[in-house]
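Alright, structures below, take your time with them.
Each of the next two complexes has subunit A plus one more chain, namely subunit B in the first and subunit C in the second.
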Partner chain A sequence: MISSLNSKKLAPWLGLIAGLVLCCLLALFFNESPWHVFKILTTSFYNSKFDLGLTLFYTTCLIFSGLAFAVPMKAGLFHIGSEGQILFSALIAAYLGTAIVPFDNSFSFVVSVAIILISSMAAGAASAILIAFFKILKQAHEVVVAIMLNFIFAAVTTWLTVNRLQSPTSQNPETALMNESFQFLKNDYLKTYFENSPVSVFLFAALGCCVLLHYVERRTFIGYKIRAYGANPHAATRLGFSQNEILMMSLGLAGVFSAGVGLTEVFGNAFQYKIGFSPQYGFLGIAVSLLAQQNFLGIIGSAFLMACLHKGASDLDLETERLTRDFSRVLQAIIIFSVAASYYIANLKRKK
Partner chain B sequence: MIKILFSVLFVSHAAVAAIKVGLVLDKGGKDDKSFNTSAYEGSVKAQKELGIELKYVEATDTNSFEVLHRNFAQKKYDLVIGIGFAQADAVKKVAAVFPQTQFAIVDGDVTAPNVRALLFEEHEGSFLVGAAAAMKSKTGVVGFIGGMDIPLIRRFQKAYEAGAKHVNPKIKVITNYIGVTGEAWNNPAKAKEIALSQAGQKADVIFHAAGASGSGLFDAAAEKKIYAIGVDSNQNWIKPGVVLTSMLKRVDVAVFETIKQANSKAFKPGVVRFGLKDSGVDWALDKNNDMLWSEPEKTKLGEIKKQIIAKKISVPDYYVTK
Partner chain C sequence: MAYIEFRNITKSFGDCVACHDVSISIAKSEIHSIIGENGAGKSTLMKLLGGIDPVTSGDLFLNQKVYKPESAQDAFKNKIAFIHQHFVLAEQLSGLENILLSYSSSRFSLMTKNSSEVLTAANQILTRFNWKIDLNKLVSRLSVGEQQRLEILKALLQEPDIIIFDEPTAVLTPQESEELMQFILQLKKENKTIILISHKLNEIKSVSDSISVLRHGRLVQSKPAQELSIEQMAELMIGRQVVKSTALERPPQREAMLSVPNTSISLLKSEIFGVAGIEGNGQSLLISRLLQEMTKLNIKYGDITEDRIKLSVFEGMNLWEHMLLKHKNEFLSKGLIFELRLKKVTEDLVKSWDVRPPDIDKPLSEFSGGNQQKFVVGRELWNQPQVLLAAHPTRGVDLGAQEHIHKSLLEFSKHKKAVVLVSSDLNEVLYLSDRFVILNKNKIYGPFNRGELNEQQIGLIMAADNNEGIKLAGEL
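Let's turn to the complex of A and B:
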């Protein structure tokens, strides 16, 4: 029992190392030194403070999108609609940031910041609860609804940006900058320390969410209900737990975490909504969550790993002669694949 | 004798000390056969002819532009060129941090003491191919396929319409956009679908401004025996006889000239606009489409071109009028 537990814990790390070795050997086909590739992949995230800051920014976004997938997964829902919710909540935050003008006192300022944060999260939650509605009312499968909604939200946000909220001073497809006073994260201590990179205090919010969820999952009734429903929906409803409540709750929470990505981008980095800002965080989040097997604390680690790989991808292109951005995607896939495979192998051993 | 030796050594040294150029391509990548390809070709030409040291990278997302520009500057590259409007913010930010490095940006309006902004008057070229489309259309219906509905592409669309109406005031212009996400620049299947549907509505000349998606239009045009118009690079060669002409946006020339300037230590910062008058935008006529054009037609287009340059025809500019 003890040895199997250990091997299960060690498995992802062994998988990670195996994946890295495989990647580096693959570089031999392209006449690149495996050692060189290994060095880039493992060190590119802290070349400079700016690089580390950017990696932490990616980590923040990936933690949030990882949580947006993991929470509904606890209730047995395969939630892939995070991307659409990210776009929608980000646009709402950017719009309110330009529309609200706070008075010259700190109280109204705090209130208006709170309004922006809460409306953005509410927008994320509402767009996620739509999925629950379709599931409850029409028994539609959440995967189908979510993937359709992704397109709808992409279309809506793009249309609104270009036709209604387009920045008058710019020819790029983006909204105007938020009011000066809402850009208070622009020159804060964290940004200055990391040489003005995109990282912001939302990193700590993301870490806090992970710890909080870890507690909620294990120690509260709500957490128990969601887990019970995920384990066996029929038994859970027979026990008297409301299916509708659980679906709405878990998807609503997922929407709030999706909004976390949107806020990290709009409130902590760009201070405006730019079309195409997201390198599909919503889908990367699925990989992050699956790597960590929906363990809320594990998501921190897997998000950081994915962030390093994402950062390393552009550096591989820059630092080597023949490897391009497409090759670095292959590397990402191999590493994710080998880590996932290691879980499978570890479980196989345990069954024997 | 020693003096001569010295001078020879010095000269050969000067010839070897070519500059290092970093090229940051947009998300479309260097093989979009269009905008990025054009930039890439310009820099490769500089590499061959001027012997500069070239390194190109393709960005993964909007936040990675800044990192790539920074890394090039940190590695002491002499000139860093950003391709595409999305890099404007990154160039503005990084150029301020590295005042010793020279930057250039295509399609981005950035003013800084060490930045050369290369802008194109796409509306002038689009007007011209719009006129060309109307001249060749037998049905009185022409089509436009844009990538995403963003200001830059509307600039193409609006001038194309105006150009077509200039030749034939009764002409009908059908406009469709491919998508709402970045995928729209790389979705030939959807472009083909749209082109077929426009052909179904009797359009017999279709112009695309959709990057790598354009190849779908060329397939559809060959299938339906109608004409297509290419964009950015000279795309006449892709389907000779089907591609009526291409709206050239000479990013390659702009990139090459900029590298040449920097290489001979004559880099001039500031905003440079390329239009019809300096062949920065133009319509393409070569052996692949020459048979499609009769002499009177060529003269007529040449006339319109002259009138635009002389400002006798006013071309609507979406950036100005909205």
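Let's turn to the complex of A and C:
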């Protein structure tokens, strides 16, 4: 009994080590020193305060996108539409940031900020609820709809950025910077501490969301309702729970969390919308959430792990001669894969 | 001389001992019945013989030789056929295709056995037993009785010496059950050895040569059938005497409480209204009509669903969570869950219904079927609803629990309340209902009063293609 508990706790760590070892061995094929690769993968996330800040920025985004996957998963929905929602909500925030000019008083300023935050979240929620609509009205499978919407949102945001909102002062495909007064997170405490790295107070918001959801899941009826629907939709509808309400609520929440990623980028880091800003946070979020087995507090840990990996893998490109950015992604995938497999193996043992 | 012998067999799953030191010997070409309550270890024991699960300790002997099956295929090679309680048929394929599927070869092969050969062999067996099944029909179009025959046919084609029937009559009409029993006797004449698992004691008594009784995983008795009476069997199974509760005297005038739209059925206060019929003849439609009507009229109802696993059990959620989902308003204050009270109430419920093990933090799906059902029935009755919809309330439940559930249905119906009892177990409907209807192909026949029809007559209405001249209460 005790040993099986331990093996379950240890499993992901063993998986992590196995994945790292595998990656280093792969480096041999490229005539790179495995030790060198290992050092980069495991240490680059805290080389400097700036680096650690960058890792924490990734963590913030990954927590949000992990939540965007985990919440619908509780209702039994495999939600992979986060990427599209991130792009859409980020663009809305960036556009409103340039369009709204607050009057010169603090009330007007607070209202303006609120409008931007809420609109962005509403845009995220609306784009996610689209999936629910298709599911309710046409019984379309959420995975198919979400994949298609990802492409549609990517195309729409790109077109809008290049053709309508392109910054006049820039050669890159990006919108103009937001109004000066909205860039107040430039000087926020975290940023200064981490030597102006992209991290911002959104990190605390993300952590807060995890704790809040953990509480909601266990202490309020909504949490049980969604979980019950996820466990057995037929039985849940027989008990009189409304399927439509549950689908809209869980997907709507997921959209809000996707918007969290967009806001972290636009409001906390770039202050504008840059095409290609997201290294596919929406999809990395799936891995984050699955790794934590949809445990809301566990997502914090798995997001941080994934962020470290992401940082390490990106640095491989710069720090080695032959390993490309694409290959660093392969390594990242191997590590995720072996951690996930370790859970499976631990569970397999437990059953026997 | 023993043909099949279980010698000191113990089978455990983790900490849970399903069979404990069981020794049974079965002679050649006899019908040996194994009876016991749900969870007594009957099926587990047979799965050991069928090679589905390995033995933990003890030995199996087949024809005086040690027999150690490692898979169902091994059992097959030793000419043991297992007819499962739940049919193992591919519904989208025809009968013949299902038979072809059962000829699985150990090597990978894209070829199937020659279908015309198989068809002749199958037809031979069909004529031998005077059965009529259209083997080219899709399985989903066959009746339950025909599906079972197909399942038996599949087994017989392998020319087994030993045939295990696991609760074969659970889903059959009285006529079909009778035919099956005749068939089993015929098999015996052909020198097959039959092992019959059941808890329908009448049937067992009529066909068996010898009977073994299991209780809580232990063998309590193994005797020739003529030395055991039905009462003794029941007593041995549950370890005490069964007290059948008697039907209640009803007040002559009862008010109507609710009527089902588009039919002439109305429920009265203080009655148990039975719905008999073979499953799949409109039960679920009738249930959903009733539920809609009760929701519309805002009647508080309890709902023992027709399919426990599919409609009542949430995978991975424990007992108190199930309690919360049904009776949410009782345990919420300001949107937060009042956990102490919830757990206390659930604990009391578990105690009064004797749900085992009494662990309210254990997922409901991990309880045995009987205990799940006890919990569900208790939960649905907990807040004193006005109407109780009880669909197959005692399915998969042992005798002791059955008694408890029947008693509480009768008790519940006393207090100006109505019970709708949907059941494919005819005895249950006859025994409990004050009035009942019979469903056949979405038509509702009746209502009939208690004692108006006997079992044979009801069986005919249930199974007939044409019921002209019998009073009709509506169509679904």
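Following the convention adopted for this analysis, the second predicted complex is superposed on the first by the 349 of 352 C-alpha atoms of A that agree within 3 Å, B and C clash if a C-alpha of one lies under 4 Å from a C-alpha of the other, contacts with A are read in each partner's own complex, and residues count from 1 in each chain.
FYI, a contact is a pair of C-beta atoms (placed from the backbone, for glycine too) under 8 Å apart; a residue touches a chain by one contact, two chains touch by 3 or more.
Remember, it's a predicted structure, so these values are computed and weren't measured experimentally.
Peer 1: With subunit A superposed, do subunit B and subunit C clash or fit?
Peer 2: Superposition result for subunit B and subunit C: fit.
Peer 1: Could you say whether A:L177 touches subunit B, subunit C, both of them, or neither, answering first, second, both or neither?
Peer 2: A:L177: touches no partner chain.
Peer 1: Which partner chains sit in contact with A:F50 here, subunit B, subunit C, both or neither? Use first/second/both/neither.
Peer 2: first
Peer 1: Looking at A:V201, would you say it contacts subunit B, subunit C, both, or neither? Reply first, second, both or neither.
Peer 2: neither
Peer 1: After the superposition on A, what does A:A340 contact: first (subunit B), second (subunit C), both or neither?
Peer 2: Touch status of A:A340: no partner.
Peer 1: What is the C-alpha-centre angle with subunit A at the apex and subunit B, subunit C at the ends, nearest 10 degrees?
Peer 2: With subunit A as the vertex, the angle is 130 degrees.
Peer 1: So in the superposed three-chain picture, is A:L185 touching just subunit B, just subunit C, both, or none of them (first/second/both/neither)?
Peer 2: In the superposed model, A:L185 contacts neither subunit B nor subunit C.
Peer 1: Have a look at where A:A18 lands relative to subunit B and subunit C in the superposition and call it first, second, both or neither.
Peer 2: Touch partners of A:A18: none, neither subunit B nor subunit C.
Peer 1: Compare subunit B and subunit C by how many residues of subunit A each one touches, and report the one with more.
Peer 2: Partner with more touched residues of subunit A: B.
Peer 1: Is A:I275 touching the first partner subunit B, the second partner subunit C, both, or neither of them?
Peer 2: A:I275 sits against subunit B, while subunit C stays out of touch.
Peer 1: Using only C-alpha atoms, work out how near subunit B sits to subunit C after the chain A superposition, in angstrom.
Peer 2: Minimum over all C-alpha pairs: 37 Å.
Peer 1: In the complex formed with subunit A, which residues of subunit C make contact?
Peer 2: 295, 303, 305, 310-317, 321, 324-326, 328, 332, 335-337
Peer 1: Would you pull the subunit A residues touching subunit B in the complex into a rising list?
Peer 2: 48, 50-51, 54, 57-58, 151, 154-155, 158-159, 162, 166, 171-173, 196, 198, 269, 274-279, 310-311, 313-315, 317-318, 324-325
Peer 1: Which positions of subunit B touch subunit A when the two form their complex?
Peer 2: Those residues of subunit B that touch subunit A are 27, 29, 55, 57-64, 67-68, 70-72, 74, 85-86, 88, 93, 109, 148-152, 180-182, 319.
Peer 1: Quick check on the complex: what are the subunit A residues that touch subunit C?
Peer 2: 219-221, 224-225, 227-228, 231-232, 234-236, 238-240
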